[in-house]
Structures are given as C-alpha cells and as structure tokens.
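Note that chain A is present in both complexes that follow, paired respectively with chain B and with chain C.
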Partner chain A sequence: MAKKSVWSDNRFWQRTAAWITGFASILLIWLTFDTNAQIAMGNDSDLKNGVTKRVPGPTVINYKITYEMDKKRQHEVPVIGEKEKFFGRDDYSEEEATELLHLGKLGSQSKNCMNCHTLLGNGAYYAPDLTKAWLDPAWGPTGSMQAMTGKSTKEEAMAEFLQNPSQYPTHARMMPNLGITAEEAKGLVAFLKHMSSIDTNGFPRNFGKIQGAVNGK
Partner chain B sequence: MANSYLTSESKKLATWYFTVAATLFGAQLLFGLVAAIQYVIPGFLFEILDFSVARMLHINALVVWMVFAMFGAVYWLLPDETGIETVGIEVGKLLFWIFTAAVTVVVLVYLFIQVGPADATSIWFIHEGREYIEAPRWADIGITVVALGFVANLFLTGMKGKRSGIVTVLMADMIAFAGLYLTGMFYTDNISVDQFWWWWVIHLWVEATWEVYVGSIAAYGLITMIGAHRQVVEMWLWIEVTMLFGSGILGLGHHYFWIGTPEYWWEIGALFSALEPLPLVAMFIHVLYDWGKMQGEESAKGLDRSVITNKPAFTWFVLNAFGNFLGAGIWGFFHTLPQVNLYTHGTQFTSAHGHLAFFGAYATILIGMMYIAVQGKNGIKVLNNSTSTIFATSMIVGGVVGMTVALTVAGYSDVIISRAQMGATWAGYFDAQATTWLTQGMVWRLIMGVVTFVGFFFLAKDLLTIGKSNIHVR
Partner chain C sequence: MNAMFEPFVDVVPSFFGTLAQGPLTLTIFLHTVIVLPMFWIYKQEKARLEQEGN
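Let's look at the complex of A and B:
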C-alpha cells in the first residue's frame, strides 16, 4: 500500500497551525516592543530641544500646533511652533500640564465621548471626528463655533461649549449636557490640543484645507 | 426543568447561558433601534437616553450576549466531545449566576447613572468609556474570574475525558480569548497607547480567537447535524486555524494605520488583513462541500432523504458560512488597505461592515447552537422548520442585510464628502450628514432595523415553542 500523503494527515496540519500561530505571535510581540517605544509620550525637554516625538509630552499645550504637508513623507504632520497662550498662560510646568491632560483623558472616558464621536478615527459616527478638532477652522478666530460662544480664544470657546452644549444651536443633532465642570472642560480642551499634536501618519488628509462648495453650499 | 430530556448537567447549564444570551440579543436590538431613531429624529429621548448611552448598551449587549452564547455552546458540546460530564460543573453554575448578576448591575448603571465625574470612580463603577469594552473596572475583574473559571472547566474536562481535535482547538483558543481581555484592563493618559492595547482585545478577539472558535463550532455542527466524517472535518479545522491565526494575528496592523503608531503598520496591516478573507472562503467551501458530500453518499445508497437532522440550526450554520465570508471578508476587505482606509476610517462604512460582520460571523452560528440545544432538550431526532422559523430567519437576515446596504450607501457620502472632499472638519462632517444618500440611508436603516426587531420576536417565540411542535421526527 502506498504511504499516506502528509497533506491529508491531521498531525501535519496541527503542527503547521502551531508553528504559524507561534511565528505570527512572536513577530507581533517583537513589533509591539518597537511600536511602544515609538509611541511613548515625550517630555518637556524634548519639546524645548525640538526633538520630534510621535506622541509629544503634555507641555505641548504651551505651543502653537499646525498641520502641514511634509515633503519627504508626502502627507501632513503636526508641526509644533512658537509659544502660544492656553487659557492665558504659556508656561505650564510638566506637572501642571500632566495633571491637566490626566483630567482631560479621564473626562474623555467618563463622559463617553467615543460613543458619539471618533477619537483617532475610532468610536461612533454620530458626531464629528475629534482627532484634529483643536485645529478645526470652525473653532478658529473666524470660525462659526467661536463666534457662537462669544469668547475671544479657541480654548475658552471650546470650554464654554463643553459646559453648556445643549444651549448652543449647532445642528439638529445636538450634544447633550454631560455635567462637565469648568475644570473638567479645561482638561478636555488640553486633551484635545494634545491629541492634535499626535503624528497620525497624515490622517485625516487635507484637514481644514478645503472650504465650501459641496452640494451647492 | 420540566419535560427535559437532558441528563447532562453541562447541557442544562448551556441552556441557561443560551436563555440569557437570547434575552440580551433582544436588548441589543432594542437599544440599536433607539440609536437608529435618533439618526432620523435627533430630538428623540434627548438628555433622557442619549445616543451615547443607547449605543453603549447596543454594542455591550452585543459583546456580552455573544460571550454568553459562546460559553453556553462549549458547555453544550463538551459532554459529546469528551464523553464525560463536565468537570467542575457546580462551580460553572455558580459562575453563571455571578456573571448574570454582574451584567444586570452593569446594564442598570449604564441606563440610570449614564455619566460620572472625570475621576477614577467613574472608571471603576460606571463605565470606562472605551468602545465595546466599556464595562467598569470592577466588572472587568469579575468577567476575568468568570472567564478563568470557564477555561479551567474546559481544560479539566478536556484533560480527563477524550480530547478530540475540536476540544484541543477550543482549549488553546479559549485561554487566548480570556488572556487577551487582560490587555484592555489598564488606564493610561496616552491615547495612542490606550488604543494600541484596546485593539489587542477587540481585534484579536473578533478577527482571530472568535473566528477560530466559530471554526470549532462549525466542525461540531457538521459532525452532529449531517454526520460529516470527523477525520475530514478536523483536518479542515486545523487548516482553518493555520489560515485564521496566520492572517489574523498580524492583520491587527490594519488598526494601527492612524492612531500614532509607526508607518510600517501600513504594509504589515495591508498584507495580512488582505489575507484574512481567505480562511473565510475556506470555511464557506468546507461547509457546503461536506453537505454535498454527505447528501451524495445518501443518494448513492438510493436513499431519497435529507441528511440534515436539524433544519433550522443547519440553515443558520450555512448562513454563518456565507455571512462570515461576506460580512467579515468582503465588507472588511473593501476598506482594509491604507490608501482606502485613509478616507473610510471612522465613517458609516465602518458601521456597515460592523453590522454584517458581527451578524454573519457570530450571531448566525450562535443562534444555530440555540436550535441544537432546543433539539437536545426535547429529545428530537430530526428538528424541522416551523412557520416561525421561516419568518424569524428571513426577517432577521433580510433586516441585517438591508441595514448593511443602507449604511454602505450612507457611507459613500460620508467617505467622499466628509473625508475626501472636505478633509474631515466639523463643517465637512455635517455637510456629509445632510446629503440625500446619508439621510435616506438612515431612514432605510431604521426601517430594516424594525424588520430585524420583529424577526427577533419570531425567533424568541420559535425557540420557546418549536420543541413542543409535532412536525418533528422524535
């Protein structure tokens, strides 16, 4: 009798499954170490020395952030520029900024932001993506959202809106009042500003670059 | 329970798990309906039961009912596969009650407390605000204990009794399933690190361990329902494990395109996730091929009868084979490449894929397992379709496919206008929301959601009554 082919042998496939799974897992673990080193949060001295981090330190709130085309990478990246006032100050210490970001990140979870919005593109699709919300023209000096709140800076306008979202007629689909306090709102805005400084490999593309004319608007 | 043909305690426990699972399935659809209405009538239950709360209940009920049904299905098949009563069944029953009580408390807190202050107590006692795994930290710990107890029962039974290929795969798979949950149980201020590990749970569950679980259940179903040969079925199962883990583990990379992680994930994620549909094609062919083969053997004997011993369950298993391939495979492949995903990421397109994939890959086969339990509990040799079976199946399948098509159409304007043309700003988002494709798509999604919901009542009625019907061979 001819020898049974290895291709129809269960033991062969069981071993193949074990080897392939093991190999894929080891590769994933190795990449996980590399990625985690690259996405570890930077610190204040990185910012002061112009060291680019994929996820900058919390004191990035002391600086102006823009989203610009990178010639080499062929997509937009966040660029950290000169000092910029945030709630009237541009000298937040590492501790103060970390505390503010901590409050904001906790707030983003406890207020359940991602079950309406997307953060870094993940979440629900009932409300706008917040990845680069800090850089949104609507909140800028000539933007409709800032004008609506009657505040003179972006951060104050955002904080005011977060505290009383259902008072402002933004859209038929309004944001509900989530009991956000003044301090929590400040933390959330710091969290949004920090998130906009994360290098997301060019997502979203053309953010804020194109205005007008869609559907006859 | 009265009038039960079940002698195995493990199978009795399985029916409890299935009962809670089916109830939570109903809850999932109910809160999905609330969220769907809010897309069409934005003021509906505003500041009473907001979209965020309805949607959290919708997706959490989804995850939890599936986990309940998955545990139930394992408790159901263990005595058949190992030839012995499940070890530690009393502990298993206790854990079932703990799990059910914990889920009830979590749901009530979601419903009536909804949001808390921005501090750790909210994370520990209300919810964690992380999509799909919102359960508060205390419940996380409870779920881990329950899952470890379940895995222990599976291992002890597998080691004491006969260890078939199916049981071996389940043992390896379920320990990974339980272990992966731990990677979603810590807090960090770094949103990129947060989402990196969050995907370890979500992706490595639904695109790796859960898929392998489905392969095992499909193998069990083919052996019990059409008498497929174990040797063949288990060889296919090992090939499927090879392909599923070979593509799915590194396919994780397709969630790492835009969350702050390095660019090399573009290539890794694209390549391995593009391979992910292959095992789903294999599973589809496998189920249909075995069916044809067994029916052919019957015909060769000159016998003109169906080889299927459980018509409703087998229908759901075939729907699984096709739905998994279509929902997870095709709808997933549509937007898995980075050059496409740059624009589709976080749009209604994702939602379309989510609906058909969770339904096609998991809901179908788990409903099938519920029918297998009904058959066993009532001591039926051949379980036939009732009128309710037909209504339930066609309305649920038609409803979910309808929702998927509606969301896909809505997704196109979301992708093209909000993302590609307007660059994803606040204004761009609402411009897309106002388009005809999106607004009418949402109306159709709601209509199809209602169809699904009505279908659920037929399903519930059928599961409760079909066992007593006289249309079966006993």
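Let's look at the complex of A and C:
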C-alpha cells in the first residue's frame, strides 16, 4: 500500500482550519477593542497637553480649528490651534462644553438635520454636508454668510442663520424655519464646531475646495 | 518623492497601525501567521502518519 500523503490527511486540514478560525476570531475581538480606543473621546487635559485624539474632548470649542493638508496622509486633517473665542468666551469648562454639545446633539436629532444634511457620513445629500460645516470658507471672514447675516463672527452668523434660515437665500433649496431657539442654536453651533474637529480620514474629500459643484451653480 | 521608510505617525497609536502602512504589510503579516503554523502542523502530522505506519 502506498504511503499516505499529509495533504490528503483529514486531520492536517482540520487543524489548519481550527488554527485559522481561532486566530481570526482573536484578531477580530482584539480589533473591536482597538477600535474602541481609536474612537474614544479625548478630554480637556489631552487638548492642553497636545495629545492627539480622533475625537477631541468637548472643550475643543475653546480653540481655533483649521483644515490643513497632511502630506503623509494625502488628505486634509483638522488641526487644533490657539485659543479662540466662541460666543465671546474661550474658557468653557469641560462640564459647560459637554452640556452645550449635548444640547446641540439633541437639537440635531429633534430637528432631524439628517433628513436633508449629512453628519459624519450619515444622512442625506439634499442639503450641504455638515460634517466640516465649521470649516466651510463661506462662514469665514472672506465668505458671504457673515455679511448676509450682519454678524462679525462665524458662530454668531451660524446661530443667526439657524434661527431664521428662511430669511437668508443660500441654495436653490432653501432651509425651512425649524423654530430653533437662540440657546438651541448656540448648542448646535458648538456641536458643529466639535464635529469639524473630528479626524475623519479626510471625509468629506476636498471639503470647501470645490466651487459650483451642484448643478454648475 | 516618498522615502522608503517614514517615521510612524498615527492619530491614536495602535498595533494595527503598523499593519496598515501599505498594501503589503497586512498581507505579509497574515500570510506569516497563517502559513508558518501550517508547516508545523504538517511536520507533526507527517511524523504521526509515519509512526502509524501508513
């Protein structure tokens, strides 16, 4: 009788399959916990000590956020810079900032922003993507929104627009008035500012760089 | 032009970051950890078959 080959031996393939299945299971469980660490929100001391987090702590609203090209990663990343006044203050405590972001998050859910807008990849593209809305040049000193709303800062212009969206002609599809109060608007702007500081690996790509992408307008 | 080796920079440091440096790093890692134990299993099974006289 010919010698039996290992390749046709059932036990060899059973053990190989067991090894690969076991190893892949452990790898996937490990990846799950690794992802938790990757997406965990930072805190105030991280911001003060320059510890990078994909999701910075709520007190990031006290800082200037810019969107800069990262040569190595080949896309733009939010960069947290110097202190910057937000509604006249740059000393929001962790509790105050958390409360403000929470108010904004609840507001975004109760007013169903995602019904038209996209937040972090979730929602619709009937209205502009809000993931990096805070970094949109239209709201900056050279953009048209501050002049249109008669405000001198980005946050005040955004808050004014959110309270009376149907007064300001922006896109062909204008935003309806949702009855957003001044306090809710402040929370929503804080929520948007924090969201724009999240490292989303460059999503949405080329944000604020493409002009006239909608229907050639 | 990119240098062949660049300093490891990641937003949040992680072991998996080292496996995502390029298309080959993950492939080489997975082939290594899957194929190398297969050699070991092969040798064990061969020895067992020889011992059983097949």
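Keep this in mind: the second predicted complex is superposed on the first by the 178 of 217 C-alpha atoms of A that agree within 3 Å, B and C clash if a C-alpha of one lies under 4 Å from a C-alpha of the other, contacts with A are read in each partner's own complex, and residues count from 1 in each chain.
The definition used in the following text is that a residue touches a chain if its C-beta (ideal position, glycine included) is under 8 Å from a C-beta of that chain, and two chains touch if they have at least 3 such contacts.
What you see is a predicted model, and the numbers here were worked out from it, not measured in a lab.
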| item | value |
| --- | --- |
| Which of chain B and chain C A:Leu100 touches, first, second, both or neither | neither |
| Chain B versus chain C, judged by how many residues of chain A each one touches | B |
| Which superposed partner A:Ile20 touches (first chain B, second chain C, both, neither) | both |
| Chain B versus chain C as contact partner of A:Arg54, first or second or both or neither | both |
| Contacts of A:Ile65 with chain B and chain C, given as first, second, both or neither | neither |
| Which of chain B and chain C A:Lys3 touches, first, second, both or neither | second |
| Contacts of A:Pro176 with chain B and chain C, given as first, second, both or neither | first |
| Chain B versus chain C as contact partner of A:Gly121, first or second or both or neither | first |
| Touching partner for A:Asp199 - first (chain B), second (chain C), both, neither | both |
| Touched partner set for A:Asn36, first chain B, second chain C, both or neither | first |
| Touching both chain B and chain C, residues of chain A | 9, 16, 20, 31, 34, 38, 54, 199 |
| Of all residues in chain C, those that touch chain A in their complex | 6, 9, 11-12, 14-16, 33-34, 37-38, 41-42, 45-46, 48-49, 54 |
| Of all residues in chain B, those that touch chain A in their complex | 35, 38-39, 42-43, 46-47, 50-53, 55-56, 114-120, 122-123, 126-131, 134, 165, 168, 187-196, 198, 231, 234-235, 238-239, 241-242, 245-246, 249-250, 252, 255-266, 268, 342-343, 345-348, 350-351, 414, 417, 419-431, 433-435 |
| Contact footprint of chain C on chain A as seen in their complex | 1, 3-4, 6, 9, 11-12, 15-16, 19-20, 23, 31, 34, 37-38, 52-54, 72, 199 |
| Residue numbers on chain A that touch chain B, as the complex places them | 8-10, 13-14, 16-17, 20-21, 24-25, 27-28, 31-32, 34-36, 38-41, 54-55, 58, 73, 98, 101-116, 118-129, 131-133, 136-139, 144-145, 166, 171-174, 176-181, 184, 187-188, 191, 195, 198-211, 214-215, 217 |
